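In the two complexes below, subunit A is the common chain; its partner is subunit B in one and subunit C in the other.
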Partner chain A sequence: MTISVDHLTKRFGGFTALDDISLTIPDGKLTALLGPSGSGKTTLLRCIAGLERANGGTITIDGVVSEAASPAERGVGFVFQHYALFRHMTVAENIAFGLEVRPKESRPSKEAISAKVCKLLELVQLDWASGRLPHQLSGGQRQRIALARALAVEPKYLLLDEPFGALDAQVRKELRRWLRRLHDEVHITTILVTHDQEEALEVADQVVVFNGGKVEQVGTPEDVYHAPATPFVHQFLGTVNVLSREGVHTYVRPHDVSLSHTADDDHPLVATIVAINAAGPVVRVDLRYADTSLEAVIPHAERARLELVAGGTVHIGFSRSAKFDPTPDYAI
Partner chain B sequence: MNSPVADKPHLTEPAWVRRILIGIVLGFLGLFLFLPLTVVFVEAFRAGLGVWWAAVSDPVAWHAIRLSVTVTILCVVLNGLFGLCAAWAITRFRFVGKGFLISLIDLPFAVSPVISGLIFVLLFGAQGVMGDWLSDRDIQIIFALPGILLATLFVTFPFVARELIPLMEAQGTEEEEAARVLGASGWTIFRRITLPAIRWGLLYGCILCSARALGEFGAVSVVSGHIRGQTNTLPLHIEILYNEYQFAASFACASLLSLLALLTLVAKRFVEWRMNQHQSHLKTTP
Partner chain C sequence: MHFRSHSVLPGFGPTLGITVLYLSLIVLIPLGALVLKTSELTWTVFWSTVTDPRVLASYRLSFGAAAIAALINAVFGVIVAWVLVRYRFPGKALIDALVDLPFALPTAVAGIALTALYAPNGWLGQLLTPLGIKVAYDWKGVVVALTFIGLPFVVRTVQPILEELGKDVEEAAVSLGANRWQTITRVILPELWPAILTGFALAFARAVGEYGSVVFISGNLPMKTEITPLLIITKLEQYEYAQATAIAVVMLVVSFILLLLINLLQHWISRRRA
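This part shows the complex of A and B:
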């Protein structure tokens, strides 16, 4: 019960949207496809769903190469970036659609369908909305209806294309926690597309970082955050300091910069304190080392202990860093 | 319908300018639209209802009416289907020569109706490209119903397609794709997803198409051959009557045609109103 993508390539005219992608989606897990806008996330999702035909490579679903399988035969449920609810149908009709269009032999009875619709509406906490039209609902509510509609046909895989993309920050947060709980309940293998790293790191079991039609890294949220495999991943997931010395780029996250009064093996460098910003849960210290601006993040207690002041100097070291050969600049 | 501009006095012209402009428009409309229409009806009934009825129920006139209505119905059905296919192909598929096809759809509007008729004479007439082939098989196209239908079809082709293309473009393909992933067949998707969204636009295109088909003169005149009681449509019949100085009969038939035109106008208004309602409801749904 897995999806595996093998050397998949997709071109639009002369433009390569997916460049030799290979991936395995683990069973029962929530995988996030994370990447900047235009990196090919939607395209990959559409290829898996059978809405787009690849130019090369294969997609294997449950051990079957699904070259010619129609979207419905693949057993996937798809939630579109912009909901794509049927605007002239009520919420209940939307959810029932996938069951109603089944051939007579496999179609559930009318009662069974409406019972199922009720159950799903309860699941997405919108039982009061069954008679409404989509345009009478808020964005977050529409999104949940789209999810219920996809779940109605009991897909083996759930593909979500930026399900919370069009919502404001507060609603996003609520919905993604809700989605995580839902996933823990139903355990359906899910692929979630997002360009929001916070979202990916918070809800996913596995994160696939995408850039320019290529996979940069696959790993657990902790892996990709703490051990980025490429400069791109480093820069895309959170803030990073880049020091270049003797043709080598060193990448350090702000919270991996440690400060000290005295020079020792862990704090070999001397930096000037440019500014201190203590408004927030942690203290942000802007530093200047040689020609490079650095950012350090330390706890309030640490700042008090070190008695840091703007304009002074401090010894710094990196508790964790990554070195990469110089690479062309990445546009984020 | 109040536009926001009209509510702001400082944005509108002085009252006298407005009055003059409105006066000019009303005068123009009265002179060029209302007056002729009134004349048609006054002339039609000048000699009394009996004469009007005699002219309309005359067997030759009756045949012309039937022919016009037949051609119009066939034309609306066929062009409804063709227009739907064309709009579907253009908005749902990617293929080479799409831009060319889009400009080709407008061709019937660009060429003179007389030329539209001539094209078919040159193709299917006795001296035409396919003339010998057709006469060998005893198939009559020019100077017969098929020719009239073809010419009318050609002239009225753009109405439905023009109406549907922007509508279907705006609708996008996401809902159809969503239905496909949910397992709906192509026909089900069309019937339950696509059609409900475009039905008023389709009807609107069909009304425009029928109005034009009913009144088409130039193209039909070239291919019909003006055979009385056989290939004369209502507009052609009216012209013949007029040329023969049968003014009362001519105006009687003209009044009938005008009445049909007014009816389509009412139908058009109704559909426009429904479409506006539909549209404003679509707009609120992204």
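This part shows the complex of A and C:
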């Protein structure tokens, strides 16, 4: 029971959305496809769902090459960014839709369908909303209904296309934690498309970083955050300082910049303090080293101990950094 | 009575005033004059005028043909709107512009063109005559002319709704296992009903009052292919102004009731959605 993608290519006119992608989706896990808009992540998801036909390559689902299979035959449930609920149907009718449209032989009885709808409404914690129309619900509630509707047909795979993209930040945070808990309960193989790195790192078991129709890196959230394979991944996942010296680019995360009063082996460079922002859980220090602006993040206690003031100088070093040859062909 | 609720939107007073004045000048006063003129008749003359068999036959043709034409436009208008919204193909802009042409063309020109086409010796007429189908100088010809002039209404009312509906709702239906037919009947059409009804009502109203294009193709045979507007003109030509307005008033009342019913139906359908 796996999905594997082999040398998949998809073009829209002159634009290559997927450029020879190969990928395996682990069974029972939550995989995030992460990348900026236009990087091909949604296109890959739609190809897996059968909503889009690739120009080359194959998608194998459970050992079957699924070139001509309809979305329903692939056993995938799809959740859209803008919910795509049926506006004229109640919440219960929406959830029941996938069962109601089955041919008579395989359609469950009316009682079985309504029991199933009840169970799903409980699962998404909206049992009170059964008779409501979609427009009477909030965005987050609508997306939970869309999820219940997708789960009603008991798909083997759940595909989520930017499911929280249309929601405001607070709801988004709550919902993705809820999604993670839900996944731990039902263990359905899930692919989540997102451009929000925080979201991907928080909910996924495996993260696939996309850029320009290609896969940049596949790994656990920790892998891709702490050991980025490419400059792009480094820049896309969190803030990063880039120092250019002697033809080599050094990438340093702000919390890996350490500050000291004295010069030593760990703090070989001297930087000027441009500004200090202490409003928040950590202190952000803007530095200037040679011609480069740097950002350091330190605990409040550290700031007090070092008695940092704007305009002063400080010795800096990098507790962790990555070096790459300059590659001009990426951008954020 | 409080008509006015406090609102940050400015200009409720002036805009309502303008609306009432405008509608009075353009619609209410002329219609009032119509009723006033009719009231010159005694009840007996009024009744015999509006229930004259020839007039009754014309009501049947006018309302019947208008309803059939609006129905045809409702079906094909949805298909045209669908094609224009969902697909890209060469000549799409041309077809889109073509839809509005019946609005721009003088209706008499349309009538003459349709008559030339459907007359027994016309391009289409000579193909249909051997099959025993008579279109020109028959009620079917009236339907053809009324379909022509009503074409844009359904297309233009359904088009924006289809555009707004978006592809993802259909894709959702497909991914849940619905086949084409189920997607159309259970997902798309229910969303379109209010717009289709509006288009139908507009096409119907327009067709009931149509004169120019019909009089050429109908042949104006008494009891058979005379539309009500034609009878009104006939009365006018005989200087029977009050009788002419009497027929018009009946037509107006029937049209008003029908449109009201359609609006109620539409309201009832869209209430589920708000």
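Operating definition for what follows: the second predicted complex is superposed on the first by the 329 of 332 C-alpha atoms of A that agree within 3 Å, B and C clash if a C-alpha of one lies under 4 Å from a C-alpha of the other, contacts with A are read in each partner's own complex, and residues count from 1 in each chain.
Following the convention adopted for this analysis, a residue touches a chain if its C-beta (ideal position, glycine included) is under 8 Å from a C-beta of that chain, and two chains touch if they have at least 3 such contacts.
This one's a predicted model, so the numbers in the text were calculated from it and none came from an experiment.
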Margin query: Quick check on the superposition: with subunit A as the shared anchor, is it clash or fit for subunit B versus subunit C?
Written below: clash
Next item on the list: Please work out whether A:Val282 is in contact with subunit B alone, subunit C alone, both, or neither, and reply first, second, both or neither.
Entry: neither
Notebook entry, point to check: Taking the superposition as given, does A:Leu306 touch the first partner, subunit B, the second, subunit C, both, or neither?
Noted result: neither
Next item on the list: Examine A:Arg87 and indicate which partner it touches, taking first as subunit B and second as subunit C; both and neither are also allowed.
Entry: both
Next item on the list: Name the contact category of A:Val101: first (subunit B only), second (subunit C only), both, or neither.
Entry: both
Checklist line | On subunit A, the residue positions that both subunit B and subunit C contact, one per complex | finding: 49-51, 70-72, 76-78, 80, 82, 84-88, 97-98, 101-102, 133, 135, 149-150, 152-153
Next item on the list: Write out the stretch or stretches of subunit B touching subunit A in their complex.
Entry: 174-175, 177-185, 188, 192-193, 196-197, 281-282, 284-286
Next item on the list: Enumerate the contact residues on subunit A facing subunit C in the complex.
Entry: 49-51, 70-72, 76-78, 80-82, 84-88, 97-98, 101-102, 133, 135, 146, 149-150, 152-153
Next item on the list: Please give the residue numbers of subunit C that touch subunit A in the complex, ascending.
Entry: 166, 168-169, 171-179, 182, 186-187, 190-191, 272-274
Next item on the list: Could you pull out which subunit A residues touch subunit B in their complex?
Entry: 49-51, 70-72, 76-78, 80, 82-88, 97-98, 101-102, 133-135, 149-150, 152-153, 166
